[in-house]
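Heads up, the next two complexes both have chain A, just with different partners, chain B and then chain C.
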Partner chain A sequence: MQTVAKLIDTTLCIGCKACEVACQEWNDQEFTMGVFNNTYQTMPDLAPNFWNLIKFNELEIDGAQSWLMAKYQCMHCADAGCIAACPAPGAIMRLPNGIVDFAQDHCIGCGYCITGCPFDVPRLCAKTKKVYKCSLCSDRVAVGLEPSCIKACPTSCLTFGSRDDLKFAADKRAADLRKSGFQQAGVYDGPGVGGTNVIYVLKHADRPTDYGLPKNPSIPWTVQLWKGPVKLLGNLVFVGGLLAAFVHFIRVGPKESHDE
Partner chain B sequence: MTSRRDFIRTGVAVTTALGFDLRPAIAAARELKISRTTQTNSVCPYCAVGCSVVIHTLGDKARNVRPTVVHVEGDPDSPINRGTLCSKGISLKEFIVNDRRLTQPLHRAPGSAEWKPMAWDDAVERIARHIKNTRDKGFAEKDSQGRTVNRLPNLAMIGGCTDTNEINYLISKFRFGLGILSYENQSRL
Partner chain C sequence: MSSARVTRFSSAERLTHWLTAISFLYAGLSGLAIWSRRMWWAAIALGGGETVRAWHPIAGVVFALLLATMFRRWSAQMRLDADDKRWLAVSHKYAVHQEGGVPESGRFNAGQKMLFWLQSSSAILLFASGAVLWFPELMPRTLRLAAILIHPIASVASIGGIIVHIYMSTLVVPGALRAMLRGWVTPAWAASHHAKWFREIK
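For the complex of A and B:
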């Protein structure tokens, strides 16, 4: 099955927030009153019932006022930190088409995925004690529809398709931008986590952190250690203990009780 | 009773125990909320662009079923928006399924501070009466030089952005019939 992906051409984003509302509407999310923090952003951050946020990053670059819009949602990493961290079987899964999806029925609410995520995306709901995030509308994609945010986008800033096609389109768009004078234009697709299924075209690809994207995302070393060597060691100790008990039983025999 | 979801889940558990990993199938069991809906084409009522929308209604129109709107999204067949919608248009479901939606005419009497519900018949009659009174007062059959003009300068008409061609045709007929000259559309307001 082809790996699906979402392409976000941030140079075309006008900040209309149609994708935010489309996401809320499709997923039947409850409305939460936002707070004003001196930007045009809807919310300061993602929430358990708010999976898709357009960040309005206002800053000065080379003396010119710049407004770097960035869509902030699950990146659907190939080498996903949440899957690596999750201890509950079936709670987080990678679908054959590359979507990383949470099944809340199986979630135990431990929050390890939040620690494991290099992009800080999953959010724990205090009420249901489950973790929620963008599912790339896996229900829509399964029947051949595009995700809700992509359908709504009026400027074609968002496009959906196979990852290879979109990677090609992103590279082409970045080359076009460089040709038109935006020297720093480039593609961001999550280096360090095996590539993400959300691909960005950035006008200032040399400074992804200004868009709110980590420069070199990677699964935290604590999670890697805990789920790698420590887990292996623990398993060895466990099996070793059983083995030792068995050998002791064979060599020494069962415990004898002595009458006082 | 076993629901479809439970059935799939049990099946997944059994087959997983047998050594097949069917976990992705659980996700496929996530129900598409528009898989059993009736699609109705309509026009977004907000601005003058006039984007087409598809309204998804759940309920099979049986006698004892009251259909509910569950989703609204852009109509890909429309040459205007080609399936896309803005942040207001995409929230149309909230506009349709809303406690605060007006379902009957409200009337605020002159000098009064509150709106009172009014029957449709009364409202239409009242509007008609006002139009008739205004027309009787201001209708000019001839202008100052004695030429026949049959015009009504003291009444104006405003059209809505979601009016269809057919409605606009009827509105125009009505307007010409009354002699209204001032004519504006929401798209230019």
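For the complex of A and C:
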């Protein structure tokens, strides 16, 4: 099956937040009161019932005022940190089309996925004690529809399709931008996590953190160490301990008391 | 002589030990379910994933409190003396029941003392990292990243020690389990396994 992806060309984003609303509507999320702090950032962060956020980053780059808008949601990693860290069978799955999807009825609410995620995306709901995030509208994609955020986008900043096609389009767009004078334009798709199925075109690809994206995302080393060497060593201790006890009992046996 | 009983553990000691053991068993088994999906049957047996996630930390707190009372009661007796250090150096002989050159033990032998210190130190690590993992939404990311590694490492040490402890006390040293269950041992048992202690109390 083809791997699907979402392309976010940040240079075309006008910050209209239609994708935020479409996400809320399609996923039947409750309306949450926003904040007002004299910026366009009315929703401060992702939430258990808010999976798609435009981050409005106002900063000065090379003496010019820049307003970097970036859509922020689950990146649907090939090598997903949430899956690596999750202990509950069936709670997180990677679908054949590359979507990383949470199944809340199997979620135990430990929050390990939050720690495992290099993008800090999953959110734990205090009420249901389950974790939620963008599903790339796996329900819509399953029946041939595009995700709701993409459907709502008025500027073609968001496109949906096969990952290979979109990677090609992203590379081409970045090359065009460089030709037009944006020297640092490039593609951000998380090679450190095996590639993400959310691909960004950034005007300033040399400074992803200014967009709110981690520089070199990878599964945290403590999670990797735990799931790799520590787990291997631990299994050796557990199984080896039982086996050693068995062999010891058969070969050496009990330590009897001396009769006086 | 054979019908005489030597008191080895008071009822308070026994009760604390077994309550600690029960809380350890719950925390350990539910923890192993989190450790590996091959152990997920343990989570199902203990009430399902959500129940285990809710009760594992509570069992951990109970375990820590009980272990703290054990620590208060026993830590003075668990100091390693010169004989214990020699005992550890020849523990391979003890393991195969060669008695020549193995120093006599007091109320606890050096192996038991090491287990005590192993459990006490791993419990501190488990408690600290467990508190972080209990409330991920309140904890800074750096702490959670540390805890997610420290907790399993400390639990390997703890469970590894307990495997040896349970094997020794149930199968290797006949009479040890009865001592912890009913509180008494025979004089021959005391003289064989804890000669220094037996001389002290005789």
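Convention: the second predicted complex is superposed on the first by the 250 of 260 C-alpha atoms of A that agree within 3 Å, B and C clash if a C-alpha of one lies under 4 Å from a C-alpha of the other, contacts with A are read in each partner's own complex, and residues count from 1 in each chain.
One rule holds in what follows: a residue touches a chain if its C-beta (ideal position, glycine included) is under 8 Å from a C-beta of that chain, and two chains touch if they have at least 3 such contacts.
Treat the numbers as computed from the prediction; the structure is a model and nothing was measured.
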Contacts of A:225 with chain B and chain C, given as first, second, both or neither: second
Which superposed partner A:256 touches (first chain B, second chain C, both, neither): second
Touching partner for A:79 - first (chain B), second (chain C), both, neither: neither
First (chain B), second (chain C), both or neither touched by A:88: second
Which superposed partner A:152 touches (first chain B, second chain C, both, neither): first
First (chain B), second (chain C), both or neither touched by A:138: first
Contact residues of chain A, present in both the chain B and the chain C interface: 89, 106
For the chain A and chain B complex, residues of the former touching the latter: 16-18, 20-22, 24-26, 28, 89-90, 93-96, 99, 101, 103, 106, 135, 138-140, 142-143, 148, 151-154, 156
Footprint of chain A on chain B - complex, ascending: 23-24, 26-28, 30-33, 35, 71-74, 81, 83-91, 93-94
Chain A to chain C touching residues, read off their complex: 85, 87-89, 106, 108-112, 114-116, 120, 124, 126, 129, 220, 222-223, 225-226, 230-231, 233-235, 237-238, 241-242, 245, 248-249, 252, 254-260
Parts of chain C lying in touch with chain A, wherever the complex brings them together: 1, 32-37, 40, 49-50, 52-53, 95-97, 133, 136-137, 141, 144-146, 148-149, 152-153, 155-156, 159-160, 163-164, 167, 171-175, 186-189, 191-193
